[in-house]
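Structures incoming, each one as structure tokens.
Both complexes shown next keep subunit A, but they swap its partner, so subunit B is in the first and subunit C is in the second.
Entry: the complex of A and B
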């Protein structure tokens, strides 16, 4: 039995037994290679679930709408390792109770989706630890290395050009599991800290604020990058911040559900090289 | 409609020499909302403040900007003036055109332009200021003194005698500190123990002082008037309540050859021990790492010896949380390890010792009962060389600062040596003789003139052993000639350094420290006993090298500050506190973790039937110190700080 069949059966059993009230998974999309999130509430519907190498979106973002988990019932969700990390961060930031999240875990390797053993986020701890020790890389590694080689002025020019394309549609924010705030800072207009019009200054403000808000929280699912209609390589920005958090503070986002936010904690042995 | 008054101060020449104040007044008087502007030489002076008050009354001003120095310097001064003129004190802003402008620029035209911008920004801010009312918080009128040396003892006694409770915490088994190790004291040569031990006894018997020895401060939470201190009392394995201090257990303990820390390893102690005979409290402790019973479960001779069954091997560390309103830090110093000077041979030659070793040799209660005997063979040294600044004033190997006490104690050592070994000869290598203090210079003169201490101005370059003598080679810079002295013993005047864990301790309790680890005062001249953390004060050598008179004076000064704080039941706090917007808070608790004062709690919002709607962060205004850490952390921008609101800061920035 393939993984798709197996997880369809698992989902049906979870729903039938009442263990979960909802399964969040992938369904057919608008083109053969596209997948879209679907929400299954009864065992009869599990035939709509699809699981293959095209299932790349991080579905954890669908766990945080207000009220979804407030009845104490559980929800099952299809997650890759990045999504499992997101669940850990959401738990660490008190946005959900990890006990209510049943994980149907998988990873994609050589064009195939493979099952991952475990049902609750904490059961994936050894996997996440091995990911941490493997170190950070991005599928845009060559571009990331090229940016590192640049002078600060060249890099600024690079980002100026990239950000000049931004139309402030906020698709990056909408797709991101970490952007759960009820009111985003960009929507504050008393005072208007972030310029809303799409010119260079406002675009810089928005994209850099978002990068800072994701520091130590981004799991590199690439959702923002794929969502961006003007193809700004947002992964590069987030990758740089993740690298900083890991190298400087040994912080691998979403390693566990009791991880403290890297920018809000202080340890005796934190490097203080910036203090003169 | 805002009516803002702008007062441009010359600060004598400090500002006026670099900023065209006339131009500043002209420029700002045309700014929207500015109803009054003037300049004056010293607005902080009495006539200056009167000008401000009169202008407020006559023009019905709604806000005031004083373009002068930093808020740290004079914000309180002008807030008071505003209040006296009937204006809410929080409607005042200081535009810092001194430290941040005139002092740091050299171009008058540019400096003037910058001063105009700074002032304009503050005018924009003050237009958006609101009336604020101070917050009252209760004060716990009990103090904690950390460190039971002479400074800590003095501070504790002073506070206790004024009628307030004190908890004195000392990490060693006895109070007394370094002073109890010292033989005689300069400049009077009275015996250190004779003047200190009565104080130790007074402290421990004082009804208002609770002495906790063998105890360490682990955490300090809270803020001025309301600290919670976590103190861990280490297991003594001897019951404090019943032990009479008879000393039988110490007599019988078979592990006798442990180098005594108190005797600087010149003498030995047992595994169950009191550091010295006059220890307070006179209750021994068991050194777990050396005790045979703890090593292999056998022995327990002390337990068998004790007639009142006061030995308890099962004792465990005890942790207590103590509420206090003020803390005096008097954690003292250490003597620098001088082994980094290879040329002096410390650690290599037994007869090269430090000043503290010499104190023990000269002390009547020391390992030699006050006889000067050199450590290697116990012979009386005929020639002793003293090397001053062995570590101090040496940027390359030692420390940059002057340890302040070494000139005096070296003169004292030479005197004591002359008094005890009549035919002995002392030679002192020195850089300068720094003897500033009451009776100090007279004291060093006496050492030279009456006790024939031989002072040689110069450094020692090399020291080696030959035929049982220590050959000290150096240079006499006054004669410009090399000198060589055959000595029987060499005493190094080692530097005073902070406790090895001083920096870590400072971080733990939240006070500042310098590059060495000496704790920082709030202002070197005007607030020398306060730290920049309100409610925490300093006494003694933990702040900088100090002798006994200085330590005692500072301890009494710190006690006066504590008593001033305790003079009222309520403390008025600045109303600069944060508030959380319930509607936008996402409940991520980042602020709860980030808050250094534990001032943010989780609050549940329920509907009228008691059903939980959401959980949000909530700031306790009594605990909030207004640091703004939570404001900058909050991603949804749901926290605002009174007095520094988002709209005020935004207006200030846009005013630039």
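Entry: the complex of A and C
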């Protein structure tokens, strides 16, 4: 039985037995390559679930809407390793109880979706540890190197050009599982702390706020980068932050549910190289 | 008299227009983004795109626009109006849906108050549209009573020639005729055949959609929740739409001085029309999505006799979760009668 069939059966059993009230998965989209998030509430509907190499979105953002998990019932969700890391972060930051999240885990390798054994986030600990030791994406690092080689002025110009395209649609925020604030700081308007204008300065403000708030929390799912309608390479900002968290604090975001948030904890042996 | 413009003469046109004081904007790709930008040569243009990612709306109704600056003094408040630059512009290579979008929005911006910012730019701009010979999976102009060669909102229409050498030139308005005169020596008489317009399948039944929306009993239909379940509430569909026009007035500055601005707003945002009291009349994503559809295909229709959608398909093409107007209107079309 292929993974799609297997997971459809698993989803049907989970729903039938009452183990979960909802399955969040992928369905067919508006073109043959597109996949879209779908929500399955009964075993009769599992035939709509699709699982293949086009299922790249990190669906964990759908776990945090207010009220979804407050009845104590469980929800099943299709997740790649990046999504499993997100669940750990959400648990570490007290946004959900990982016991209520049943994971239908998979990874995509050589154009195929393959099942990952495990049902609860903590069962994936060995997998996540191996991802940590494998290090951050070398593809991203290659792209990032190009920026690192620039002078500070050139790099500033580069980001100025990129940010000047931003329209403050906030797709990057809305799609991100880590951006769960009920009211984002840029939407706080009594008083309006951050101007809403989408001019270059305002776009700098937004993008820097976003990047810093994701430092040590981003799981590199690439959701923001793909969502950005004006193609700002947000992945490079995130990567730079992840690299800093890993190199300086040995922090690999979402490694486990008891991981302490890197920017909210202090250790005696923290390096303080940046304090003059 | 049938006149054509050869591709090879575009550079000459550009110089003629520039010396006549026009700024010429055309689809181009810069910094990984396709949009209308100033061009200086034919080689700057990306005319082979089905559509640029961003619309020409940006150049008439920018994402942020200063309206006035103000200074608050002990006894008085001083302010100076800030008006847009009076620059003559030519938009070359617009698509029929984007051109139509301008005319659709004229109704809103010219309704009870004539928006000077919009109309001073409209009056200073000439729209040269190229009929589409190619469409993609998301194009749906034919579903909203437009077509790949509709002339709505255009001053000049260029129909690609079958042999690919250039375009047949059709002037549509006085402004278009005047502009064609400035390049008369670059046009030539030629009756070559034009390429067929793109074939764009009709994706939903507009009459059925509008009558369903107009029926008040459907305001609370379960359909709204079903079609919007995966909506993440970003503003990408509204901000990329050639007809969405909502804005918010913001004062940017400190207690003593600042600038009043008109900034894009989006009905997808949780903050949209939220009251000072904290009450939000549309406090769920499904009610916000309903507002978007109702506004475009019911309220706008009722007020101005036209739908606020030109079928460009961007809302679906760019949606991070593969939603969009098309799917919802298809769902409505497929409801049992």
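What we mean here is this: the second predicted complex is superposed on the first by the 269 of 276 C-alpha atoms of A that agree within 3 Å, B and C clash if a C-alpha of one lies under 4 Å from a C-alpha of the other, contacts with A are read in each partner's own complex, and residues count from 1 in each chain.
Assume a residue touches a chain if its C-beta (ideal position, glycine included) is under 8 Å from a C-beta of that chain, and two chains touch if they have at least 3 such contacts.
Worth saying up front: this structure is predicted, and the values here are computed from it rather than measured.
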item	value
Clash or fit, subunit B versus subunit C on superposed subunit A	fit
Partner chain in contact with A:181 - subunit B first, subunit C second, else both or neither	first
Partner chain in contact with A:142 - subunit B first, subunit C second, else both or neither	neither
For subunit A as apex, the angle formed with subunit B and subunit C - C-alpha centres, to the nearest 10 degrees	120
Touching partner for A:61 - first (subunit B), second (subunit C), both, neither	second
Subunit B versus subunit C as contact partner of A:193, first or second or both or neither	first
Subunit B versus subunit C as contact partner of A:95, first or second or both or neither	first
Partner chain(s) touched by A:267 [first = subunit B, second = subunit C, both, neither]	neither
Partner chain(s) touched by A:202 [first = subunit B, second = subunit C, both, neither]	second
Subunit B or subunit C, by number of subunit A residues touched	C
Lowest C-alpha to C-alpha distance for subunit C against subunit B (Å)	5
On subunit A, the residue positions that both subunit B and subunit C contact, one per complex	none
Subunit B contact footprint on subunit A (complex, rising order)	66, 70, 93-95, 180-185, 188, 190-191, 193, 213, 260-261, 263-265, 268
Subunit A partner contacts - residues on subunit C that touch it in the complex	31-33, 53-54, 63-64, 137-138, 229-230, 232-236, 238-240, 248, 250, 252, 261, 263-264, 266, 269-271, 316, 318, 320-324, 326-327
In the complex with subunit C, residue positions of subunit A that touch it	29-31, 34-39, 57, 61-62, 161-162, 165, 167-171, 173-175, 187, 189, 192, 195-199, 202, 223, 226-227, 229-231, 233
Subunit B to subunit A touching residues, read off their complex	504, 507, 583-584, 586-591, 593-594, 612, 614-615, 633, 635-638, 646-647, 650-651
